[in-house]
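Paired with subunit B in one complex and with subunit C in the other, subunit A is shared by the two complexes that follow.
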Partner chain A sequence: MARVTEWWQASRKASSVWRLTRLYTVLLLSVVAVLLVVLYQLSIGQMSRQQQAQLESLIAQQTVLAEQLNTDEFIAQFKLQAESSRQYILTYQTEKQLIGRLSFIPEQISSCPRLTRFPIWLDKYDEIRLLSGCSQPLGAGSLTVAIDDEALYALKAQYISASVIALILALLLGLLTGLVFSLRVLKRINSFNQTAQLVEAGQLSARVALSNNNDEYDHMALHINTMLSQLEHSFETVSGITDAIAHDLRTPLSHLRQQIELELLDKRQQDQPTTQLQSMIEKLDEILFTFSAMLELTRLQQQKETKTQHFKIIDLSKIIIDAVDLIEPLAEEKEQIITSDVDLNITLKGDATLLFRAVYNLLENASKYAGEHARISIRLTESGFTISDNGLGISDNEKNKVFQRLYRIEKSRHVAGFGLGLTLVKAIVQLHNGQITLLDNNPGLQVMVEFPDTICCHNNVNKHTNSNGNNKEG
Partner chain B sequence: MRILVIEDNQTTRQYLQKALQEQGYEVDLADNGQDGLFLALEGDHQLILLDRMLPKLDGLTVLSTLRNAGKQTPVLILSALDSVSERVKGLREGGDDYLIKPFALSELLIRIEILIQRKNQSSEKVTSSLQVSDLKMDLLSHKVYRGLNEIKLQPKEFKLLRYLMEHSGQVLSRSLLFEAVWDYQFDPQTNVIDVHLARLRKKVEFDGLPPLLETVRGTGYRMVASK
Partner chain C sequence: MKFTKILCATLAFSSLSAFAGDDDSLAALALQRANFTLEQAIEKVSTDYSRHITEFEIDDYNHQATYEIETINFETEQKYKVQVSLENGEVLKERSISLKVLGLNRLDDDELFALKELKAANFNLNKTIATLKQKYNTNIVEFELESEKGISFYKFKLMGEQGAKRVLVDIKTGNIIPVMSH
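Entry: the complex of A and B
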């Protein structure tokens, strides 16, 4: 049962399956309905039309007779006719008498050619039967014609119930085949979706699986796979080139730095001014730092398997406490308040230094961009942690871009930085199979980091709860 | 004081030679792993600066061979391999410190000094208290006094002050202080350590008491020498 409701919800969510199935079922039902109507018209419809026509010709015949004969002659022939007719029950009523097989005329009987059904006791069957009949004024009286069409009605009823059963079966068949068909289509499309999601998550080596059918889906899959291969190749080329540049330039720049340092040493010994050399070294260090950060990023983003080999069980609460301890005096300088909620005891497999850098980077960003007097809070959750501030936040269309290499938000360009911090954080989180999401804190920014394989223990009361800052000098 | 430099890159080798000689060290040079190992086994060096990627014999092999032969000369590994796992590998093989290229000369000199000092002090007894001038630190009760006034410190501040007092008289770089207190291997690259030091200084040097913590420009910090 649970599986059925699950399927139901899933199929309603995956709207295309539901829509396709519905469309298919409606088409099948209309085809069956049209067929049934046509069949009805050709069989039962035909019969009842014939019956109607015969009744009408009988009435016409009697009308002609009534015009040509005088009343007595007509009554005499009518008696004869009424006696002899097996199929039709004829009755003629004048003011004085009632001639024919009916012993009375039902009051609600309609005028011809419209037929009314009325119950009658028939000696022949020894039971009450329903007849269809009508009456019409004729000469001095009125003529009533009726026909025993109970068999036809029974046939009609049978036909209708058979049709209903046929339609229900068609509905079930339609839903079932439609569903099976759509689910198969959807399954293929889902494999495309999954691949696209993997690629979106940065796994450029993901490919769509091919079937043996060689159908249009396979053709599409082939094209997509080729496209992905080209994309992957150009990606590798780009990061390869930047890495090669960074790597090749790093060595000569390091040597340059060494030479400047030797020069600096000489100048210092001769008591000459060194400010110029000092600032040269600072500039060089900036370049070298950027290069190292870029190389490190690429390494983090590649070859995940070898990177995760040295992972150990890490206490996430300790890392957060350490990071808060490190950032706290910086925040205090800007009169920001940092609160931390690390009551949960969360562990995961990972690299402590990398995770520490991720947490510290996010806190540093919050402190850097949230402005003076901001409130920054970090909270452990069952699957990771959340950092919120009440600063300016990030607009929705920039939320994704901030993770790109060297991207800097327009309004923050004046703040020192290289635009690699969040990219590095994301790479670290992804290395731990985690996810990072930027949300609105209304006002401010909320960064949510979630890892899939955390181990959480609620009942373990954490001993470091009050190690966050805001202490005044003792 | 004799230092052995095993480094295949000529520019870096000459740079190290010149810089170290200017500091008053005698320097032996080797441009490949094999020669380096030979010199290290034969000579009596206070310290070895060891590159990781060397021709003939790579740095880690030189290191493990040296340790297996019973040579306990302090080894400072200099390497461009900057990931944490590479660093752990180097230290596990018996390296005493790991410095990532490119490095600042001041950082290198500070770390050399600390390694040589540590070697000389390694026979020293475990102490239960530290004292620099009128600043006292009780390592058992975790209490700190300046004269008669107790100074309340947070756990990280206590660690920081302890490291500074343990190395009083020595210049300590920001990254060294960060590694000692936080135990994560990277360089925060901002003035965050300075801010921590400023706060610690405010707590230690209150009421116009004579300063104990000196800022060494462009290099780091030094706690005045204990008498």
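Entry: the complex of A and C
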């Protein structure tokens, strides 16, 4: 039931197809309702109007007769007409007498031409009948004209019942066809969405499935697939060029480094100054590290399928504990407090080395940019982990940019780095179908990492605090 | 008193005899001689049992003429049949049955509809009886609550010098329903 409600609410808000279904159902109901009203007016409405017209004609006729004849003559003709008329019940009431078929005029009867429905009793058959009639002054008395319209009312009631059934059936038909239509269309649209999600997650080889219908969705799928193929080709080309440049430059640069190292050894043996050479080696190391990171990033983003095949069940809490142990010396240098809360036992399918690298990179980033005496905490959640610090944080307009390759925030340029750390972390998280989000910690930054297929949880009771190397609790 | 005893004996005997057709006349005669009026009997039953009276006729109990009145009490879900003495208003016999049998209502749809209408309407039975008695100068020998085609009414049987006459009163409006001749 909850799932149905959830589906209903989700589709009510999100699906344009469902909105179309509702519109279609409303239109269908409106058409059926209009048809029913027209049909009513042409059948029962027409009969009702005819009946009313005949009553009015009868009243007009009696009015003319009352004007043309004297009272006795009028009463005489009225008696004859009242007795002979089977369809209409005529009654004429004067002060002295009552002529007609009714024993008396009902009190509640309205003035003509408005009709009132009232019961009469056929004593001979012990039966109640319902008449519609009206009364109006005529000559020296009052004329009452009524008609037994029970059959017409029964017809009206039957028509209303049939109309209600027709509307319910139209509603069901509208909803049913709408639902079938929605499900079929949604199924096709969902295949587009799924493909888009796969591409977004880095699987550029994903394509929209084609059906045998050769309809407009297939045409759209063909266009999207062609576009994706071109995109994939472009990416491969760019990556290939980047890889080629990185690879081609890395070898001569490595040779250059070796030569500088040899030169450095010579200079040392001759007790000559080596500062410049040392600086050159450090710069070359940075360039080589950047190339290596870029090549690794490309591999991570492109070889998702190959890499995920080698995933194993790993313990995320263990990885976090190891990463915290490794970052502790760096934090101690800056007199930072690192707190880890890993009282959950979270496992997931993944690559332990890559995940360790991601956690370590995030902790390293926090330590590097949060400043001295900062507080850094890492906490396991049911779907991943969060790392928080009380440093300067990242402004909202830069939160997405920091994941771009080689991007560096202006205020952090004084800190050593290449602008590839968070890009690499994001690639690793996406490789595990996860999501990384940067949030404000007020003050500071909170990095939230979530994986879709984690298995939770046993309490580990593993709280660990390191206060600049002096205070530890476990 | 003596007359009443003779009358009751006759009434008791008449159900098995050729006097059956004269029941209404005898009932009218009994009503003329009654010390306790129909209005008083209705008032008593309304107060002691329920004001939703569905039926009335003249009957006898142990050679005494009685008003046999049926009433429905919705609170106790009981249908009461009460015999009130014409002589002194004493309740001579009282019988009650539950409206529900195995969870089902004993009353049919028309009866239920009529009772619902009666419950909702501002209908004064005693006032109607008084009006009818005055208008037709007769006694009411029986009445019954009925419903037909969505109209709920009391069907009164009046007994006067010109014989028996039936009059229907709509409980919603309190008006007499006109009779249509053929």
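The rule is simple: the second predicted complex is superposed on the first by the 399 of 474 C-alpha atoms of A that agree within 3 Å, B and C clash if a C-alpha of one lies under 4 Å from a C-alpha of the other, contacts with A are read in each partner's own complex, and residues count from 1 in each chain.
To be clear about the criterion, a contact is a pair of C-beta atoms (placed from the backbone, for glycine too) under 8 Å apart; a residue touches a chain by one contact, two chains touch by 3 or more.
From a predicted model like this one, the values you see are computed outputs, not experimental measurements.
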By the touch definition at the top of the document, which applies to A:F289: first (subunit B), second (subunit C), both, or neither? first
Using the superposition on chain A described above, determine whether A:P119 touches subunit B (first), subunit C (second), both, or neither. second
Just checking: does A:R257 make contact with subunit B only, subunit C only, both, or neither of them? Give me first, second, both or neither. first
Under the stated touch criterion, which partner chain does A:L23 make contact with: subunit B (first), subunit C (second), both, or neither? neither
After lining up the shared chain so the two structures overlap, which partner does A:A60 touch, if you call subunit B first and subunit C second: first, second, both or neither? neither
Between subunit B (first) and subunit C (second), which does A:L169 come into contact with in this model arrangement: first, second, both, or neither? neither
Does subunit B (first) or subunit C (second) touch A:V238, or do both, or does neither? neither
Larger contact residue set on subunit A - subunit B or subunit C: B
Common interface residues of subunit A with subunit B and subunit C? none
Which residues of subunit A touch subunit C once you look at their complex with the stated criterion? 89, 101-108, 118-124, 127-130, 150
What residues of subunit C sit close enough to touch subunit A in their complex? 148-151, 153, 166, 168, 170, 173, 175-182
Touch list for subunit B against partner subunit A, complex: 11-12, 15, 18-19, 22, 80, 82-85, 88, 101-102, 104-105, 151-152, 154-156, 182, 184-186, 188-190, 192, 195-196, 198-199, 202-203, 218
Which of the residues in subunit A come into contact with subunit B in the complex? 250, 253-255, 257-259, 261-262, 265, 269, 278, 281, 285, 288-289, 292, 296, 299, 307, 309-310, 322, 325-327, 329-330, 332-333, 351-354, 356-357, 360, 364, 467, 469, 471, 473-474
